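Consider the two complexes below, in which chain A is the common component and chain B and chain C are the respective partners.
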Partner chain A sequence: MHRRTMLKGLGAVASLPLLGSAAHAEDTVKIGLILPMTGQSASTGKQIDAAVKLFMAQNGDSVAGKKVQVILKDDTGVADVTKRLAQELIVNDKVAVLAGFGLTPLALAVAPLATQAKVPEIVMAAATTIITQKSPYIVRTSCTLPQTTVPLADWAAKNGIKTVVTLVSDYGPGIDAAKAFKGRFTKAGGKITGELTAPLRNPEFAPFLQKVRDLKPDALFLFVPSGQGAALMKQVAERELTKAGIKVIATGDVTDDDQLPDMGDSVLGMVTTHFYSAAHPSPENKAFVAAFEKANPKMRPNFMAVGGYDGMHLIYEALKKTGGKTDGTALVDAMKGASWTSVRGPVKIDPATREIIQTVYVRKVEKVDGQLYNIEFDKIPDVVPPSPDGN
Partner chain B sequence: MSLPEPAADAARLLGRRARIRPAEWLFWALAFAALFLLPERHLILNSIAVQALFALSYDLVLGFAGIVSLGHAAFFGVGAYAAGLMTKFVTGDPLLGLAAAGLAGGVVGFASSFLLLRGSDLTRLMVSLGVALILAEIANKAAWLTGGTDGFSGMAVGPVLGRYAFDIFGHVAFAYSLCVLFVLFVLARIVVHSPFGLSVTALHHNPLRARAVGVPVNRRLVAMYTFAAIYAGIAGGLLAQTTQFVSLDVLDFNRSADVLLMLVIGGTGYLYGGMIGAALFVLAQDQLASLTPQYWHFWIGLALVVLTLVGRERFAKRLGAFARLLPGAR
Partner chain C sequence: MLTILFDGVAYGMVLFVLACGLSVTLGLMNFVNLAHGVFAMVGGYVTVLLMNDYGVPFLATLPLAFIVAAALGAVLERTLYVHLYDRSPLDQVLFTIGLVFMAVAAADYVIGSQQQLIYLPPMLSGRLHLGALDIGVYRLFLIVVCAVLVAILHYIVTRTRFGSRLRAAVDDPRVARGLGINVNAIFALTFAMGSGLAGLGGALGADILGIDPTFPLKYMIYFLIVVTVGGTSGMMGPFVAAILLGVADVAGKYYVPELGAFMIYGVMIAVLILRPQGLFARGNA
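On to the complex of A and B.
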């Protein structure tokens, strides 16, 4: 008797998943959104998920006569889970598009699958250069690290900075950033006097920052992934680098809008380059930030959110162009060359590389209405993702 | 030649313990039935099979040898990378890849087992954790070989037995993993009921007495630990081959912790605990995560707290009839 109850229980558990995939309507376009909603990169997932929801709320859930359904999955930031979820979404849910991908290995794990199943893979976050080369079905709406780093190297060279020490997280994007900065900065006549890498997980920056103080460069270049900026800047403040005459410059990942409000006044005046700031003074962006903050109280949209928002825009536009047809190759072709005015400024999908061409802004942290913001004071329009060495 | 009376008694008792129970037939019949009845779920079933093998391996260490470890992912990860490298640079044959994975896991297991011979449970926890962390850092630093944090890609796994190519639906993957799991399970079952396995169980229950009756405690522990590490390596190899991608999280602490949770759920020391635990854990995680992608950790946590507070034994008593049908259950 007991055994039978247990078996029944097991049977029930096993059959639960079947119910979900039963209904599959022809006039529905399904988008599989795979994000790290828990674990170390949860903030990325939260931002993108909120932006996707906002986009759907603003633009409706139907396009070109089809109903759009987003299926959100949490991959916890673990690559084999991402791969399995993507596979299940393709095979069982018959999704037309896969989107999300918070980290480089997660995007790379799915690349062969996108090619095999001919399903577009919209990378909304991961930023290592190589990603789009791994499948002709990958289109990226965030950025590559050299793309946001190179303008900073130019700015530093032009503003009297002669020597720089680089400190980056020890993983693909970090190495990418350091390499791009070095390539560009040395070409412009500057000198890299130290290249430091901190571990990606549970980093302790103090010894590295002490080393920077000893090396006494004109400036310190920083990159850490979205979500680690606050911890890093706290330690930078404790080491009083600016008092020692060392300028701190970084990619916008460090003064991420998600965390900037809590970083404290020590980051005031810090110069960064990136493709998005919540303070970007365009009417489109003002409306976006207001709507985002209304839908998600106490949360400021960051560049991850914009990557997700524009990713959805791109999918909608592609569906309009194909007249609702969900053939993967047609969708990717429709995305190539697409251009629109994003909340970050004008953007275009490069038809050759499927990367996003966009304006990169030089910004300075300032206080506006008692809150810290990245205020843009210069911009480099139409930055094409450069080669990894920054030239 | 007939045995003296007490020895014959013991042989009968041990024979009874080793007998195959009806529930075991049922368990495997269900598992293989899933091959045909649940074709849409083969992808998740494949990851259950892989986790089940990993949990089986950990059960050999924890449930039979009584070694508490928080670094079992070390062997899993080494196996995954070994299978990946084998596929990329030597041959795409899956079975040879698994052999490489098992060998790699076994070598690391053998080498690190000596660190675990001395010391209490707490020391063993820390040492095993340390070994796994060191290996994870090596894999991270050796990016030229492992791909570092970007992950190891570009594996072209050949067809199983030269005939069955891996498909996007996971059919071949699940059949392959299930067969490997079954074969290795049968082997494990034979081993734990062999004199060797019985002596390991004995020294788990009372190392002093075991030593007194002449069981070479250290050698047995090393052997069992290595044996389990080979299993973990093969599980890692299976994961690498069926996902055709290896990332640093194969060596992650979370993986070691998860496998411990699976055994907490399923129970130790009767070989099926890890496999049942793996199935429940992966299914619960999948279901909860699709219901509430942000907060599923809460529900898993709650379930575990309840399970540990109420005690699995009490649950097991409720399901006593079933539990008694499994071998080695007390």
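On to the complex of A and C.
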């Protein structure tokens, strides 16, 4: 009897500071931003972090009467670290939303936690199709690989390309891209004469590119994750594929704006498809690029930054709709069907799949004021993320 | 076919220059130096930064990469490594792996984690077409430079006074000391040369391998495989091993891309089953 009362008393005392912090938490919405800030994919983390900071600077740090606090964590691009950090953010920091996720395995690692804790997981970068199917709390503001690949397959089929060899990084998004390209391209009557996969952490592309040279297709389709494009394109130039009559086409991940300025003139004329180019000629984008470059000298925003920027926009809009309520299910419901004019063009969150419906642009690398840019010359509006086989 | 062989040899040559220093410290001096890749990374960064930030021509950066890495090697040898020669291999492993992590973090902090790219002078880029053989000029350059290096190294170790002193100092330091050989100085010089070569290898390989802060970790396995497969008798073992692995890696990725990066391990396993001491084993003495 005695002991129990004592325990109760202790419990009451112990819970006092918790009550205090809970009251404090009432007016603050915490967003756990997990990004690879170091390691191989650090450029992804830096771009998204810069975009999130820019969004907060432009739109203020309070929304719907709540103060927004972003807690940035570095997962170094390793999935078990991502999972541990997500757990800490949910349990200790009581974050209302998790965001970021630079690579597919990192996003997948957190999916079960998001479901269990009912915390929305905003995927700002990772682009494998299956991600959003792994938890009803995942909403994506980047793209899926098939979404950006399929328009390229269509373009190739329409522009006299009959045979293609695919060369992709050997992991989720790469396989996704190769499969989508193959499905769509063969349906249009084209032929895939070789399917190559290079290990993800492999800077030596020489044997693969030599194989492509020997297979002599009309075109080579490439995908490597953002940040590896420059190294790959250098070796493509060294192998002189274009001179051998092989056209090089790729998803926009390869001619990523972050690295494009340093790629050299060998990439001039290369055709890619993607959802964002820093050269996108809309007033919204011009203002965004100017503000971004002002806040981050010597850095050009890439599609990762836009994924982060739009992710923040989505979180703010959802909070406005819920009136500042941070219930996870309500937030995700508020995000479903949201549509706005992004710096990339008009976008909408598909209520059924929580994927982003957006315009995909066909671009060509050109020199503007002495700098390399992806210049858009065609677009396919409202591309719904297709099934992984591209049809 | 010939092109693949050629690319493989070029890749193997770079591996050899990177790893030969390790084959000296690990093979001859019996010191487990997992931090060998750090010196390679330093050399690579010297080249990258000099070229990209100061516009120094590529060829001029190569000797500098060697000197900086060798100097760093000499300093670390005198201040840190010298205390570990007599310690157990486990201590050496723990110490040097710690050094690797510190170097990775330091490079990340100071230079940034992105992969560094260099642009070779036009003289060294492009391709040559010699009949059926279609080769990259830079890879040809690598083969020539590395072949010259190998010849020089082999000559130094087997034919010069320094070489015989080194071998004596390694075989039995006490007797060597008794004969008036300054063992400490020889070890220090050897260590510095090995580090310098690693630096040169990093600089030469910057274009093919890419330089980023995780370089010492990424390539540690390759260095160790070269030394293990090559055995520990002089320069020829690791040289043959590096060429074999380079060709196997490139040919494997070309002919059986499904196996991808596994080929190199397959070769290592096969060699070690047949010759547990490595390709060129030292006698049992």
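What we mean here is this: the second predicted complex is superposed on the first by the 367 of 391 C-alpha atoms of A that agree within 3 Å, B and C clash if a C-alpha of one lies under 4 Å from a C-alpha of the other, contacts with A are read in each partner's own complex, and residues count from 1 in each chain.
Note that in this section a residue touches a chain if its C-beta (ideal position, glycine included) is under 8 Å from a C-beta of that chain, and two chains touch if they have at least 3 such contacts.
Just so it is clear, the structure is predicted and the values come from calculations on it, not from any experiment.
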{"item": "Touching partner for A:170 - first (chain B), second (chain C), both, neither", "value": "both"}
{"item": "Which of chain B and chain C A:38 touches, first, second, both or neither", "value": "both"}
{"item": "Contacts of A:84 with chain B and chain C, given as first, second, both or neither", "value": "first"}
{"item": "Which superposed partner A:264 touches (first chain B, second chain C, both, neither)", "value": "second"}
{"item": "Chain B versus chain C as contact partner of A:248, first or second or both or neither", "value": "neither"}
{"item": "First, second, both or neither for A:208, with chain B first and chain C second", "value": "second"}
{"item": "Which partner reaches more residues of chain A (counting touched residues only), chain B or chain C", "value": "B"}
{"item": "Which superposed partner A:178 touches (first chain B, second chain C, both, neither)", "value": "neither"}
{"item": "Partner chain(s) touched by A:130 [first = chain B, second = chain C, both, neither]", "value": "first"}
{"item": "Footprint overlap on chain A, where chain B in one structure and chain C in the other make contact", "value": "38, 42, 170, 199"}
{"item": "Chain A to chain C touching residues, read off their complex", "value": "38-40, 42-43, 170, 196-199, 201-204, 206-208, 210-211, 227-228, 230-231, 234, 237-240, 262, 264"}
{"item": "Complex contact set, residues of chain B against chain A", "value": "23, 26, 30, 34, 38, 40-41, 43-44, 46-47, 137, 140, 148-151, 153, 168-170, 239, 243-245, 247-250, 252, 254, 279-280, 283-284, 286-287, 289-290, 293-294, 296-297, 318-322, 325"}
{"item": "List of chain A residues in touch with chain B within their complex", "value": "1-3, 5-7, 10, 13-14, 16-18, 20-21, 35, 37-38, 42, 45-46, 49, 72-74, 77-80, 83-84, 87-88, 90-92, 104-105, 108-109, 111-113, 116-117, 128, 130, 134, 170-172, 199-200"}
{"item": "Parts of chain C lying in touch with chain A, wherever the complex brings them together", "value": "3-4, 7, 11, 108, 112-115, 117, 119, 125-127, 136, 138, 207-210, 212, 214, 218, 249-254, 257, 260-261"}
